[in-house]
Amino acid sequence: MLLPDLRKAVLEANLELVRKGLALYTFGNASGISRKESLVVIKPSGVPYDRMKSMDLVVTDLDGKVVEGKLRPSSDLPTHLILYKSFPSVGGVSHTHSEYATAWAHARRPIPCFGTTHADYFHGPVPVTEEMTDAEIASNYEENTGHAIVRAFSDLDYSAIPAVLVANHGAFAWGADPATSAHNAVILESIARMAYFTLGINPQARAIGRFLHDKHYFRKHGKGAYYGQPREKK
Amino acid sequence: MLLPDLRKAVLEANLELVRKGLALYTFGNASGISRKESLVVIKPSGVPYDRMKSMDLVVTDLDGKVVEGKLRPSSDLPTHLILYKSFPSVGGVSHTHSEYATAWAHARRPIPCFGTTHADYFHGPVPVTEEMTDAEIASNYEENTGHAIVRAFSDLDYSAIPAVLVANHGAFAWGADPATSAHNAVILESIARMAYFTLGINPQARAIGRFLHDKHYFRKHGKGAYYGQPREKK
Amino acid sequence: MLLPDLRKAVLEANLELVRKGLALYTFGNASGISRKESLVVIKPSGVPYDRMKSMDLVVTDLDGKVVEGKLRPSSDLPTHLILYKSFPSVGGVSHTHSEYATAWAHARRPIPCFGTTHADYFHGPVPVTEEMTDAEIASNYEENTGHAIVRAFSDLDYSAIPAVLVANHGAFAWGADPATSAHNAVILESIARMAYFTLGINPQARAIGRFLHDKHYFRKHGKGAYYGQPREKK
Amino acid sequence: MLLPDLRKAVLEANLELVRKGLALYTFGNASGISRKESLVVIKPSGVPYDRMKSMDLVVTDLDGKVVEGKLRPSSDLPTHLILYKSFPSVGGVSHTHSEYATAWAHARRPIPCFGTTHADYFHGPVPVTEEMTDAEIASNYEENTGHAIVRAFSDLDYSAIPAVLVANHGAFAWGADPATSAHNAVILESIARMAYFTLGINPQARAIGRFLHDKHYFRKHGKGAYYGQPREKK
């Protein structure tokens, strides 16, 4: 069996989406990439999480050709592949229809940075893609979803804002590995929920200032980080 | 015991409503039909789910006459029967007072299709029945509830929009078998919740375009479907 | 030990409030009355539910004098006593700060009957007490809370609307026995939640008509009831 | 090992934040102080709760110097220390990003006292700190967070209002010992949730009067308290 460790990490990331309440039935999917071998491991399409085993995951190349696995890969595979090709430092991708993040995607509103929880993880508002054209929907829809995400980051740093809302659809989150992508999907849902409540309390609530935003982001990321334990990765 | 497999499927559908948090106490009910024998299996009225066994379910004919079972059938049986008679491809029906779907029914607003989760399952907004007249309420109320549902689908395809909101009451969902009807009731509650959040973020949120709606619906349904595994039923 | 069966029923009603998420820490309390012996059994004050045993409950007479028990009775005992004295058919009372019902009490708004779930249990809107005067608060506060509840029912039938919102405080529910009072408290929270969502979807939502309200209420209550099983009490 | 009992109490307070749903992943932290020895025990930074043991906790002096422990203390330690130095009767501090309390902090709105649950615990609205200046953020940020909290209490009694919202950040709660601080953090989240719902039902909802507020607060606190059992601490 190819890539047993990556399979295990991808299975675990998929299960984390379920444990944290982000995936109803067969919704959602997480994947991981081996940059060395240019192979991607992804959840099979429409298989219930509670029966899923490491060997059910599907291995494909970067063109989406199945290299190992008896099941069809997730129908969102082409979106994952575009993200891996366009965002070179990404090692894992998670896609969910988690309900609060998806509501922001429905509302086509970026999630403003209302507080430090957001700033700890995302160095700016979480953007929304533009609506896709009928032509983009008609052919290569899932691939074009990936391109729409990449366009949303044309002026943004994908490594500092590791998630996006796909207009009228749901959320994609990513990270250095599958576990981090699932972790970021969970955090995204929490900040989506808090931002929703914030608007309910004060419809005129303003985003935090850049100074506080930077402080929190850089407290956890980069050379000057001092959150967590020295050797810890996350 | 008549129809042991259908009894089992109907019991399981009822329990799925409980597991997913759609049924408080004895609320809600699921049924299934054997088209071959023109017999319906339904939950008994007012019996707690945690004590319910396959043999407690009630078998009736299409006129509602009990054919097997010691308990009274659910008081909503006449509504189920109208649906089975009017919607010939339906094999299972689930009725709930799940809280977000019911709030939309209270508000007498169809649930707009704000995103692809909705489009994956429902090929249009989820309609609301018209309010019933005093005469319709006074006699054969439950049967008239069924007729109100059927009228709400006079210009709609019940097989492509497998759920309805009954004004000021709750939700009915259906499908090819009891499991699918319960599944659709669960999805309905999720999209009702997301649509509620969406309006909270953006009261002017618009439904998605027909093109994207069709794309997602037909990705999962009909000849061109490519979601899930080839042999999978759901 | 006095009244072992009633103690057991009261303990079980208290635990039902916890199981259904209506009681945080030591919040809430349920009681029951033996009309024959004019004795009330009530939860002790400020004792955690998970350690509570039948013998920890307190037995008092209708003046609130402890007849059996080592612990102080709930500080809300005087309210319970007024309800037992004023509402002769009541056999059990449950008090909670369940969050949605309490929010309606905070907002000092009766819960409108937006749907049939409400109508199945409450034959009208759930009323809110008037605010208490400083004098009523200053002395015999808990007893005066009971009087405020009774005044709210001066033109209403307490047996057909078995719950009330105490302004800026929380909810009281009652019934023929302790279990029914806890059951009604749970239903109250569910309809409070649905009514909250309903207003969020449609701030102009209207209550249902009297005809439908009566239909549902009398489907479950009184001589013409046909919901549930013939011998079932609830 | 220093202070085994305090370590145990602090571990338990941290776990209570998790059990009550106030801490996602490694979010949040609780600490306790030994006034006699001027030593503080606090959660280590960024360590998952489910693997945390009493010996993983960090002991520091009041200047934040680690006295015992192999792990880095929580990065919020300097905030805790300022609270211990400024609020002499405090024995435990809990910090969370619990979602409703944090939404009020995002909205920069004090939580009004809408009802008696609030009044039972907090003798006034729960205040929000002022936004910090760029200079305060740039250096000694966590310490300055503590100073901002202390300033918010310049005209308030910290022992009668044992919690605060830090603008755009989250909540701090405190009490006589670590358990009480966690308990207050849980109550704060509940009243934040109810206040949010209250505004949703009635945007013009008014805070309760001072008389009722005092009645409830002093029913549970001080010499005239009559809630709970005589020897009970909480």
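Structural remarks
As written, the chain order gives the labels A, B, C and D, with residue 1 at the start of each chain.
In this text, a contact is a pair of C-beta atoms (placed from the backbone, for glycine too) under 8 Å apart; a residue touches a chain by one contact, two chains touch by 3 or more.
Here the structure is a predicted model, which is why all the values come from computation and not from measurement.
If you take chain B and chain C together, no chain is in touch with both. Of all chains, A has its CA centroid at the greatest distance from the CA centroid of chain C.
In this entry, chain A maps onto chain D through a rotation of 90 degrees when their C-alpha atoms are superposed, rounded to the nearest 5. With centres taken as mean Cα positions, chain D sits 33 Å from chain C. We define each chain's centre as the mean of its Cα atoms; on that basis chain A and chain C are separated by 46 Å. Touching of two or more other chains is recorded for residues 200 of chain C. Residue ranges of chain C in contact with chain B, taken from their complex: 114-117, 183, 186-187, 190, 193-195, 197-198, 200-202, 205, 208-209, 211-212, 215, 219, 226-230, 232, 234. The part of chain C that touches chain D in the complex is made up of residues 24-27, 44-47, 71-72, 75, 97, 99-100, 102-109, 131-132, 134, 137-138, 141, 168-170, 196, 199-200.
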